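Two complexes, one shared chain (subunit A), two partners (subunit B, subunit C).
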Partner chain A sequence: MSKKVLVVDDDPDVRLFTVTVLEQHGYTPLEATNGEEGKQMIKDAAPDLVILDVLMPRESGVRLYREIKTDKKLRDLPVVILSGIAEKSFLRSQKALTEFGGEPVPEPECYLEKPVEAEDLIQAIQKILG
Partner chain B sequence: MNRLLLIDDEPDILRVLSRSLRADGYEVLTAENGKEGLAVFQKERPAIILTDIKMPGMDGIEVLKAVKKKDEDAEVIIITGHGDIDNAIEALKYGASDFINKPIRDEALSLALKRAEEKIRIREQLREYTVNLEKKVEEATRELRRKTNFMAKLIRSSNDGIIATDNHFTVVLFNPSAERIFGYRAEEVVDRMPAKSIIPKEVIESFRDESTGDDQRAELPWQETTIPIKDGSRIPVRFAGTLLHEKDQVVGSVAFFQDLREIKRLEKEVVHVERLAAVGETVAGLAHGIKNILHGLKGGSYLVDIGIENENPDKLKTGWEMVQRNIGRTADLVLDMLNYAKEREPEYEACRPNEIVEDVASLVAEKAERNAVSISLELDPEVGEAVMDPRTIHRVMLNLASNAVDACIFDKNTGKQWQVRMTTARIGDDMVRFAVSDNGSGMSDEVKKTLFTSFYSTKGHRGTGLGLLVTRKLVEEHGGRIDVESTLDQGTTFTVHLPERPADDEFLEEDKPQFRGEEESK
Partner chain C sequence: MQRAMNIQKLLFVTKFEELGFDALQALLGLRKAALNHVVFVNVIERDKVAMRRGTGYQKTEEVRLRELANIRFIDWAETLFEQGMEVGVYIVVGTLVSQVIEAAKKEDADLIVIGKSHKPMLEQFYSGSDVTEIIRRASIPVLVYKPVPENNTALEHPFERPLLATDNSAGSLRAVEYFKGLNAVVEEIHLLTVVDEKALKGGSSMSIQKSRKEARQRLEQICEELESVGIHARAHVYVGQPFEQIERAARDCQATLIVAGSSAKAAWAERWIGSVPRAIAEKSVYPTMLVPPDKS
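Then we have the complex of A and B:
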């Protein structure tokens, strides 16, 4: 049975592209358009990997990421961040949030900056899911 | 020390009298005849002379005349024989201060001396007063001259143009700065031109109003306006003025003008520089948006590749659409940036603002409907036709309307009946008010603060962050104003006031300065 990959992004073009890449390589894609929907989808469909955008309306990727990584049951769910935001800025924001009284969270399994080549994306996914 | 000269041809009298006078504390000089007496007077200049009237050779009257000739102020007391009233009167005529009769009684003598001394004292005092007074007048005059010079210099060198008029509003003073601002020379203006040919109507009128008002001390506070100058152009100035009163009468007026040309030019420059800086900031902020577009283009080409490879026309079509969509986003972004960075003069023409708003509504209708947002219009028929830039209205309203729809789409409260309302209203003769309200997500105070100042997008990948900056710039170039009211989770209202064609241009047509023709014929 093919592995399930959840794509959380508010941009339909990004979803369409990522979903196509996943299908081409034999994965089962799932889609969510914001953090809230994504959270629900994780509970309902139990994906093997999440590809997450950072800036989204209605519950951002930052928040969903922290929720996954501080949840005992979900902590091991691998997350690939795919964002227009530079990795440096994302890690800095995580550090700031931790200092602000939050629980420390591990770095994501993989961080990809948009625009991303299809090959780089699929390599990252294959490396994690094997 | 009181000195006196005693002249008598009788040595006995001379001896007895001088002894008694010395005993009274006088320093007494004596002479036995008129000639000798005059010589002593010449040398010693006593203040009081006592002289016998009847003397051989030069008599008392001649002594009196000679002394008075030399010193008007010398006090001469004539000693006359008993009953010699005619001589006494003659002596008084020539300026004798007193006369006493022989035989000389002490009381009469001392009274006459006292009177003479008193006269001398008063005269001296008077002289002192007079000298003092002259000095004081001179000092006051000098001070007055100094102050007048100072004032004249102040007025001459003032950077403000100063124009003073008499009570008929004829110009009586026109300083060099006024020459510089208005372009007239003082000689052309002073006593020749009524103030109304130079100073704009509204300024004069406000003066007139003041002069009929009850408040004697009413002054015109500083205000800004534009005024026509000699060459026919109009320049921006600040002015203030006051009526001059003397007692209860208006005796004239004075107005002060500050040339704002340089300031306005600098202000414009600053705005331009700020805008370029904002573009710079935006470029940094835009990196995110540009990355998203690039991502979309790559994604699209990937889909096109897959479509070709697998001979799948659906994929090919979707991919091609994606490429096209992202080309569109690129165009939007580039156009926004260009629009924001470059200056543009509004192109005024007669148009119907209500129809433009209807067009805009139909443009956003589809997107609104897709997202369960209803759009309503409330258009004031009074707006009718207006001389404005229709492109400005269109772009401003389209931007605000699509923002309003977005604010509803982004709203977390999905239980709401989302609404966007667009209204117009005529304000006075030459102003139209446009408003766009929504009941969407609203804005926090923090967001509101940065709203118009620099790059800011709350829309993630969808916004360029330039929309409101461009909107504000367009409104300001049109001489209008944009305001926002917003409450988080309640909604937002943007209000735009746009004037019809600004007053500047029409003024030139009907209010050329009167002296223009004369100038040209020279």
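Then we have the complex of A and C:
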């Protein structure tokens, strides 16, 4: 059975691109348009990997990432961040939230800055999912 | 269950020219209160990408405008994320008023911030009617941000010394409740009631003094409420035309912000009768925060 990859991004063009690349390489893509929807889909569909944007309405990728990585049941779910936000800023945000009393979280399995080439994206996914 | 009157999430509505990152940074003082989430909103007006004879819908122009906004928001968002803030973004094509009201509802925001320049009406980025319409339709407070006229920069601490003009309306009393939650940010609050000159005409000096005393006593009660949560508060009673007196009091008190309750009147009624909150939002040189009555 093919592995399920959840794409959480508010940009329909990015979702279309990512979903197409995933399908071409035999994965089953799932889609969510913001962090809140993404959280629900993780619970409902139990994906094998999440591709997560950072800057989105309702709930950002910063918060959803934190929720995944501090949840005992979900913390091993691999996350690829795919965003226009610089990796350095994302890591600093997690550090700042930890300083405000949050639980420390590990770095994401992979961080890709937008725009990404199909080859780079699929390589990153294959490296994680095998 | 009704949420406590804190400003945790603000909607920052911008076309960039009139409301920049300096204005947002000035508002970050609200973090000392409860602010932890900023949502950027950029509305691309339909006429910029609308169908044109021979060209149809200008998709390329829409993409270009979206990306211009996105690049700016990414830069701002990085700064806010690094400070541990939560950030969201809406870049949408549509009409300003409906998109802002919709985003405020979707996000369950606590405050809408919108910019207004001191330029003549025809050169302003948002027409007076857009701002008025947002104020009228919003169920949450609206802060109309205005740059300092001398150098066109944002005021550094807008919530430091507000002037709260109260007429005991539901909106102005709700504003008092909001400010109780901002005790970590507000240094001193000035409460003002403007007594209409007409109410004093023909009366004896005793009855005039009585009107003033009653107005003052109501203000003193609110002062006590604010003092009880650690906000230094002072009461003022002015006489005359409300808008002119509010501006005068703001100058006298060196206010950083004018706060008033917004009216629940219908738009046609406001246009016909005129409205003090609308006049403050459109004409005052001070940033203005308008608080609607609780519509729930």
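Keep this in mind: the second predicted complex is superposed on the first by the 130 of 130 C-alpha atoms of A that agree within 3 Å, B and C clash if a C-alpha of one lies under 4 Å from a C-alpha of the other, contacts with A are read in each partner's own complex, and residues count from 1 in each chain.
In the analysis below, a residue touches a chain if its C-beta (ideal position, glycine included) is under 8 Å from a C-beta of that chain, and two chains touch if they have at least 3 such contacts.
The model shown is predicted, which means the values in this text are computed figures rather than measured ones.
S.K.: Looking at the combined model built on subunit A, do subunit B and subunit C fit side by side or clash?
M.R.: On the shared subunit A, the partners clash.
S.K.: After superposition on the shared chain, which partner residues are touched by A:62: those of subunit B (first), subunit C (second), both, or neither?
M.R.: second
S.K.: Return first, second, both or neither, reflecting whether A:14 touches subunit B, subunit C, both chains, or no partner chain.
M.R.: First partner only.
S.K.: First (subunit B), second (subunit C), both or neither: which does A:24 touch?
M.R.: In the superposed model, A:24 contacts subunit B only, not subunit C.
S.K.: Touch test for A:93: subunit B only (first), subunit C only (second), both, or neither?
M.R.: Touch status of A:93: second partner only.
S.K.: Mind working out whether A:43 is in touch with subunit B, subunit C, both or neither, as first, second, both or neither?
M.R.: Once the two structures are laid over each other on A, A:43 reaches no partner at all.
S.K.: Contact-wise, after the overlay, does A:116 reach subunit B, subunit C, both or neither (first, second, both, neither)?
M.R.: first
S.K.: Could you tell me if A:84 is touching subunit B, subunit C, both of them or neither one (first, second, both, neither)?
M.R.: Touch partners of A:84: subunit B and subunit C.
S.K.: Give the one stretch of subunit B, out of 41-49, 149-157, 455-463 or 509-517, that collides with subunit C after superposing.
M.R.: Only one listed stretch clashes with subunit C, namely 455-463.
S.K.: Kindly list the residues of subunit A that each of subunit B and subunit C touches, one partner per complex.
M.R.: 10, 55-58, 84-85.
S.K.: If we count contacts the way the header does, which residues on subunit C are in touch with subunit A in the complex?
M.R.: Touch residues, subunit C against subunit A: 39, 70, 73-74, 77-78, 81-84, 86-90, 103, 106-107.
S.K.: Inside the complex, what are the residues of subunit B that reach subunit A?
M.R.: Interface residues on subunit B, with respect to subunit A: 287-289, 291-292, 294-300, 302-303, 306, 315, 318, 322, 325-326, 409-410, 412, 459-461.
S.K.: Within their complex, state which residues of subunit A touch subunit B.
M.R.: Going through subunit A, the ones touching subunit B are 10-11, 13-14, 16-18, 20-21, 24, 55-58, 84-85, 113-118.
S.K.: Once bound in the complex, which stretches of subunit A touch subunit C?
M.R.: On the subunit A side, the touching residues are 10, 54-60, 62-63, 84-86, 89-90, 92-93, 96-97, 99-100.
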